[in-house]
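In the two assemblies presented below, chain A is common to both, partnered first by chain B and then by chain C.
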Partner chain A sequence: MNTVWALAGVVIKELYRRKDFYVLFVLTAVMTLLMGSITFFNDPRIASYLKDICLLLIWISALVIAITTTARQIPAERENRTIFPLLAKPVTRGQVVAGKFLGCWLASGIALGVFYLFFGVVSASREHDLAVIQYLQALWLHWVMLAIVVGLALLGSLVFAAPSSNATICFIVVLGILLLGRHLNQVALQQPEPLRTVVYSIYFLIPHLEWYDIRDLLLYDHPGLRWTDCLLATLYAGVYTAMLLLGAWLLFRRKPLHA
Partner chain B sequence: MNRPVRHSLLLLLLASACFTLATLLQPRVATWGQRHAADSLMKVVLGDGRRLFANHFFVQADVTFHSGYYPSIFDRDQAPKGTRHLTASPEDHEEHDHEPPDPGREKDEDHSGHACEMSFLGPPRDWIEAFGRRFMVTEHTHLKGGKEREMLPWLKISAELDPQRVETYTVASYWLRNLGKFQEAERFLREGLRNNPKSYEILFELGRLYNENLQDPNRARNVWELGVRCWDERESKKDKPDLLALDELTVHLADLEEKAGNLARAIEWLQRALRASPRPEAVQERIEDLQRRLAAGGSRPSP
Partner chain C sequence: MEVILETRDLRVEYRAQNGQGKKVAVKGLNLKVHAGEVFGFLGPNGAGKTTTMNVLLGFVHATAGDAYLFGVNVREPIARQRIGYLPELTYYYKFLTAEELLRFYARLFGIPRAEADRRIDQLLRLVELEAARKRPIKTYSKGMQQRVGLAQALINDPDLLILDEPTSGLDPLGRMKVREIIQRLKNEGKTVFFSSHELGEVETVCDRVAIINQGELKVEDRVSALVEKHQANLEQIFLSLIGYQAEVTA
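Moving on, here comes the complex of A and B:
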């Protein structure tokens, strides 16, 4: 386990050495503060548009950080040939996969923590109130969803030749699920057979990332989720992440390391 | 002359040429298109393409009004039609209201058109959908208690993007009036009128602001009468004119004249409303009542 933590530590150090996070955070902060500086109809209490924009930017930034950080991990190790001394430590390939995943997930979590702290400050300064439970649930579910995204990008980094193609495909898949995942069953029912069965099968196979997007509940001050639902969603994400990591390990185990 | 000095001089020469050309061309470039006349950043950046996004922001205002409960593009058939539900008076919904779930929202229990329109979810088709609904807004509620102000930024942005979209001004003004922001409502309606000079819808809303909120019936009368003239100009020759708008204008004018004691004038407006009203029998009854009062010599202002 120490080996896995050591590998994860390297990935986290990479996050704060690279400029991606800082650029995205500054962009989010500047855009949110610029929008916040506008007063509509002389009413400074209007807040939901600002929260909406800030949360949207946080979601985009978190996806960019999670996917780009994960997609380059193993290809970079292979390209720089640092994978050979790493595996000679001795570190098993399973530990490399686990360490990289843990590092990327924790790094995304740290970035997400900073983003949500900023969101909390913006929200509380406007509304003079913060729904702490809903806020923590939104943060937790967002981070849990990123575990699936990180797992997907890690698996993709072993399937696709270049990090850029992997990142692009991951973005398309994740955005596709977020936008369409909830409606695929509805689409399936409007199709003739056998397309209906195919689309319905995809609906049951994909990880339903859209569940973890509870921005509307947070924005419009709806009551918080039940903790059992949060737990079940966490278990669901855990199962998908484990499946993706298992797939990544099986691929990595048989993969020749020389380019 | 050595090489670095020559290079510096060349650079200076080019910079001077650029500056001279810029001073010559800038006034000409400004007259090439209409962009120079743009008075907002959005107009400069997006040009006429901004109108495409205006509807998105108008819908976003509707989504906010429903606290996030709104049909997606896959439930488009069930999406609310028109914009009347956005300006429905709170009393319309409170008639069938039960315990509101939240002081900031009003539960819409009425089974009238809009509530039925918005029951788009139906029973879940499978366990994924059933479980997924625990993470989304599934209750049809409307903002209330001052929280309606949250819709306003989206309407303002929508108006910036498409200044010719009349309903943006009328809906925003309705809520601004309800929130007690009369000056802001007037300013926004005037802006709408500048962009849509013949809009009887905006004139009607402006008249309501003067009559109901600013207690200025004379200005309301002028604005509504102008509204009727604009309606005649724009709608009277159409196969399917907007009769509802004419009905609203004329009935409000009749009310105004009745309150001012001008019963004959009120009857004239009601006779005009008779041809536009969806319930002509009710209008006819009112005309007869006014005629009786006029015959009895009752042209005093009603209390």
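Moving on, here comes the complex of A and C:
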């Protein structure tokens, strides 16, 4: 486990020494604060709109950070040839996959924590109130969802040669699931066979990332989720992440590396 | 004398780049490197040196035959516990400092913090990077990067050092430094297995050499014995064994 933590530590250092995170955070903060400073016709719901925009920006930024950080990990190791001194140590390829995953997930979590802290401050300053339970549940489920995204990008980095193509495909898949995932069963009902079975199969096979999007709870002061639901959602994400990591390990295990 | 590195009938085949047929990179290679030796692994480009090293380090699997480090099959990661490896031209994590890089590699070997600190100080002194230890690697020159590479290869105080063209791309001063370090390791009783195109350098530091060409072992002997037998220097012997003279006369 020490090896996995050491590998993860390097990924985290990379995140806070690169500019990507700071750029995204500053952009989110500036856009939110700018919009917060404008008053639209004294609309009392302005705070809600502001929170909505802020959360949307957080979701976009978190996906950008998680996918781009993960997509470049193994290709960069190969391109810079650091994979060779690394694997020449008593390190297995499984540990490399696990370390990269842990590093990317923790790095995404740190970034997410900073973004949510900012959201909490904006929210509390505008409404003088913060639904703490819903806030913590939203943060937790968002982070858990990112584990699946990181696993997907890691697997993609072993399938696609270029990090840019992997990142693009990951974005399309993740956004596709987030926007269309919940409607696929209804789409399936309207299709003739055998298309109906195909669409249904996709519906049951894809990880339903949209279940982790509980922004409405924060925006409209809905009551929090039951903790058992949070636990089930965490387990569901854990199973998908494990399957994606297993796939990544199986691909990486037999991949010849030429120094 | 204890055998540190061994290959038995090692054969490595690749799928040809045009997708048709197979290319045999190493053909039935048998090598034995003993404890305390500095062993030069020579051959022209494409001879199979790097492929052999790749098998020894577990980067590629042999098609047939076996390779062992300290008597452990190289397929087992534990075989690499007591080795240090310096690859040719590596660009280490540029956002880390030399100190952080060495600490990272020390953690992979499970070296305790206090011991790691002691080794890091010692190694940075050895490779003369003490003054630059807190600077990110992205600010290092090529020679400095190669030296930090040498330091990472030594972080676990290895009994066997595998060096792939360690002086490639270095200026004469850098080469001299690397040679000095190899000599020093030899005096400490370490085993060094290295590939190089610098035959003068090999002649100076190596006890024994193996020359391979087109994946086949042409000769394996003590440098002094080869020089005596052929009545020529190592470069002339090398050229003769890879068939260069034959081509010229033809």
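Following the convention adopted for this analysis, the second predicted complex is superposed on the first by the 253 of 259 C-alpha atoms of A that agree within 3 Å, B and C clash if a C-alpha of one lies under 4 Å from a C-alpha of the other, contacts with A are read in each partner's own complex, and residues count from 1 in each chain.
We adopt the following convention: a residue touches a chain if its C-beta (ideal position, glycine included) is under 8 Å from a C-beta of that chain, and two chains touch if they have at least 3 such contacts.
Note that the coordinates shown come from a computational prediction; the quantities given were computed from them, not determined experimentally.
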Task = Could you look at A:Y240 and tell me whether it touches chain B, chain C, both or neither (first, second, both, neither)?
result = neither
Using the touch definition from the top, say if A:S48 reaches chain B (first), chain C (second), both or neither.
-> first
Chosen between chain B and chain C, the partner touching more chain A residues is B
Practice item. Quick one: classify A:Y212 as touching chain B (first), chain C (second), both or neither. Key: first
* Name the contact category of A:E14: first (chain B only), second (chain C only), both, or neither. => second
* Answer with first, second, both or neither: which of chain B and chain C does A:F84 touch in the superposed model? => second
Pick one for A:Y220: touches chain B only (first), chain C only (second), both, or neither.
first
- Should A:A6 be classified as contacting the first partner (chain B), the second (chain C), both, or neither? second
Interface residues of chain A shared by chain B and chain C, listed none
Residue positions on chain C within touch of chain A in the complex are 50-51, 53-54, 57-61, 77-78, 80-81, 83, 85-96, 100, 104-105, 107-110, 136, 149, 152-153, 156, 162, 164
In the complex, the residues of chain B that touch chain A are 64, 67-68, 72, 74, 102, 104-105, 125-126, 128-129, 131-132, 134-137, 149-150, 152-154, 156, 176, 179, 181, 184, 188
As the complex stands, chain A meets chain B at residues 38, 40-43, 45-49, 141, 182-183, 185-187, 189, 203-204, 208, 210-214, 216-217, 219-223, 225-226, 229, 232-233
In the complex, chain A touches chain C at residues 2-3, 5-6, 9-10, 13-14, 17-18, 80-82, 84-92, 256-259
